[in-house]
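The same subunit A turns up in both complexes below, where it pairs with subunit B and then with subunit C.
Moving on to the complex of A and B:
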């Protein structure tokens, strides 16, 4: 129970930190980056379901993200559906797609999935680039409206940020709930010993597909938010590089950990902004970082925060008494 | 058709690289495509465009460089994680792929490059068809390479050691074979195969970091054929090359990659063990 409280506390603290940034820094650039941070948090949480909890090396989240963005953009900008009807629609489209992709590919394991998911990115990219009449080809979809709440339209990036933050927080909380539920335990069981899971009568494919669909749902939300936030989308946004970034965020923050995912997304979104002068080579330090983390602390950076909090708690006498009484 | 076969040979070579490592350590090297890219850069941009070396020394240097490079990859990206969860190894190899793509950007620059190869754009006219000499060269080199490989694995000690370790690591270790060294050699060998595939495709494709994705096609060739046999890998490569070339000629060249992947995915759904493979639970397929 104690570790759960530390974990939830870190998630809340990280979101509180994000929420407080605009009160101290008002630069439009920072507000822009904060929006990107929230969207990245949702994407990393999505990847965490499949790569973290279920332990399946699926690397095609960017393709779901692209599909979600385009669904949203086309419904919203071309058909004029409005933000709130388009959002669930893009969630439905990505989760159905994840189901269709997941059922054949999740029967196989390990590197099969990893390579097929990269192939999937290429196929989705090809279709988006070449299906001119539908997706606008390489020119993308311009003039995607911002969401509105009642009669109020979120034209400013600051207002948009609060919406993104609220959704990211809600989804992070949902992730925590799922992690503690029997589904979360089933995911981790599949990751740790697939054979044993089959032996107790749980279909490992079913569990993996479930994790996969959750990944689709989360990327659906992120895709919708991104399309509306960025106002314009085009195929080159959904690149292999962007895809690698989620992976870095998850591994560096902490695999299978919600606070880790959030921490990784926050730290690396900031790091990427700092690394801008490296231009297209900015992934070099990030890839090295992955290897270093895997070598020395596979649980990710979040473990340091958890240890620090656990150590600090020992110095609070009231807490210690209460725990002693509890036994 | 001939260019399809030539492309297929290249896919087959990449597929061989995968299947060697898979048989030796049960691991599919996600970074294989990056080895191909690196081979294309080293041979095409350095040896041909900059140094103007003749073919034989350039090939020898390429083999040495790729071999050492493969061993280095094994040492730093595989060996530290060999007892860890499969996920850790795969993530480490993904990081290796990213790193190599960026390395190419650092050493060379992001602009796609071309290289002439041995034959340039010259063609052989047979009846009404024009066949690129490069295509014939690719097919001939692949056949030659397969013969050399057969000799290497059947007759030499190194080859026998590598086969023994692939067959049964623990027994091989009991027989006094250095398994770490053998695995390192296997990495070196599949890296060399990747490098040669890169050398062969350099004149056909443009040389750029994005060339890495050719690795997925080679992987697809393994799915179509089988991971466990050399014949399977080659046959899968040839089929994929022909399907891709004919598909882009008769359906749409824009969807060339999509056609190839659809073909691979169809195999994955209906015949996941491949044409020449047997299904086994232990291999994790």
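Moving on to the complex of A and C:
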């Protein structure tokens, strides 16, 4: 119970921190990065279902992200559907796609699954690049409108940020609820021992496909938000590099931890901005960071915050008394 | 009377090794039957065949009248056949309580959204599974250990936790694969009571075991295997006096002499 409260508290604190940044820093560049941070949080939470909780080495989330962005962009920019009808539609398309990809691929494990997911990224990338009439090819889709709430259009990045933040918070909270439900337990059980899961009468493929579809739903939201936020999308955005970044965020923050996912997304989005002078070599320090973390604290950086909070709580006498009474 | 489990002429060959060879036996409703035999006689292989961990080379298996050897593993458990493992199969990151809750997953009916949001009937379902899990942990004597990580339990207690997890699937037939391995004499005393208590809940038991004190105390019928074949079947008394069984376990005098020479 106690550890749950610490975990939820860290999530709330991290989001509160993000929400307060614009009150102290007004630079347009920072507001832009804050939007990217929120979208990255959703993407890392998505990856956390399949790679964190369910422990399956599927690395192709960028392809889902691309499909979601394009679905949204085409419905919104070309067919004029509007933001709120396009959002659920891109969620549906992405989750159906994840279901179709998940059922065959999740029968294999480990390195084979990793390889298949890489192939999936290439296939999706090639389709987008070459289906000129539909996706606009390498030129991408321009002029994607910003979302509107009633008659108010979120043209400013600051307003867009509050929408992204609200959705990221809602999805993080949903992640926590799922983690605490029987589904979260089943995901972790599949990661630990698939045969034992089957021997309590649960299909391990079903559990993995469920984690996969949840990953699709989350990337669907992220894809829609990104397309509208960026106004323009093109194939080179959905690169292997960007894909490796989500992976870094999840591992650095903490695998199968919601506060870890949020923390990783915040820290690394900021770190990438700081590392911009390195140009294309910016991944090198991140790779080093991953190696160091895996060697010394595989649970990710979030574990340090959790320990610090747990240690601090001991100094609050009222709480300690209450717990002692509770036994 | 229809047998609860009926194994007909099953075989399993690993290359040229006949681990299980043309074996037939049955388990009746409400009985405790034991499967014994020297090391490598095919007892665990037999359980792995029935629960579909291995594929049969030949033969048929029937459970409560329906054919079992065509189903997926999880479907077998859904029909009412649960097991524990000789070498334990734990969920490393789950607590003892979560292990037992995982056992009741297959009986949860409420849909995804309501379960996650704990809305409507989900609350009652969560309370029911939690109560069952606590009751089963009390039954196996781990009532106060629920919050611990399973891997922090000593070996013998992990076995008891596996039994609770298997019981949570509400089986008609329970396979216990060497439940007494790594247990002290006092723990075996309690295990004897536990096995009987499980049977008294109307659950049949197939027990694979080396510790004869447990087998001879609880089993009503004993099947003896050697080199994958059934060499004897009967009550504890009959088995203890069967010359073939004694030979299988102790060897013949002249064999021993020639081996020593």
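Keep in mind that, in the parts below, the second predicted complex is superposed on the first by the 327 of 327 C-alpha atoms of A that agree within 3 Å, B and C clash if a C-alpha of one lies under 4 Å from a C-alpha of the other, contacts with A are read in each partner's own complex, and residues count from 1 in each chain.
FYI, a residue touches a chain if its C-beta (ideal position, glycine included) is under 8 Å from a C-beta of that chain, and two chains touch if they have at least 3 such contacts.
Predicted, not measured: the structure shown is a model, and the values here were computed from it.
Chemist: Taking the superposition on A as described, I'd like to know which of subunit B and subunit C A:100 touches: first, second, both or neither.
Modeler: neither
Chemist: Is subunit A touched at more residues by subunit B or by subunit C?
Modeler: B
Chemist: Where does A:51 make contact in the superposed view: on subunit B (first), on subunit C (second), on both, or on neither?
Modeler: Only subunit B; A:51 stays clear of subunit C.
Chemist: State whether A:197 touches subunit B only (first), subunit C only (second), both chains, or neither.
Modeler: A:197: touches subunit C, not subunit B.
Chemist: Now for A:294: first (subunit B), second (subunit C), both, or neither, which partner does it touch?
Modeler: first
Chemist: Now for A:183: first (subunit B), second (subunit C), both, or neither, which partner does it touch?
Modeler: Second partner only.
Chemist: After the superposition on A, what does A:174 contact: first (subunit B), second (subunit C), both or neither?
Modeler: A:174: touches subunit C, not subunit B.
Chemist: Overlap the subunit B and subunit C contact sets on subunit A and report the shared residues.
Modeler: Shared contact residues on subunit A: 191.
Chemist: Residues of subunit A touching subunit B in their complex?
Modeler: Spelled out, the residues of subunit A in touch with subunit B are 51, 55-57, 59, 104-105, 107-112, 114-116, 118-120, 122-123, 126-127, 130, 191, 244, 247, 251, 255, 280-281, 283-284, 286-288, 290-291, 294-295, 298.
Chemist: Inside the complex, what are the residues of subunit A that reach subunit C?
Modeler: Touching subunit C from subunit A are residues 174, 177-178, 181-183, 185-186, 188-189, 191-193, 195-204, 210.
Chemist: Could you pull out which subunit B residues touch subunit A in their complex?
Modeler: Residue list for subunit B touching subunit A: 27-28, 30, 76-77, 80-81, 84-88, 90-92, 94-96, 98-99, 101-103, 105-106, 110, 213, 215-216, 219-220, 223, 254-255, 257-258, 261-262, 264-265, 268-269, 272, 284-285.
Chemist: Looking at the complex, which residues from subunit C come into contact with subunit A?
Modeler: 51, 53, 72-75, 77-78, 82-83, 85, 89-94, 98, 101-103, 105-106, 108, 112, 115-118, 129, 165-166, 168-169
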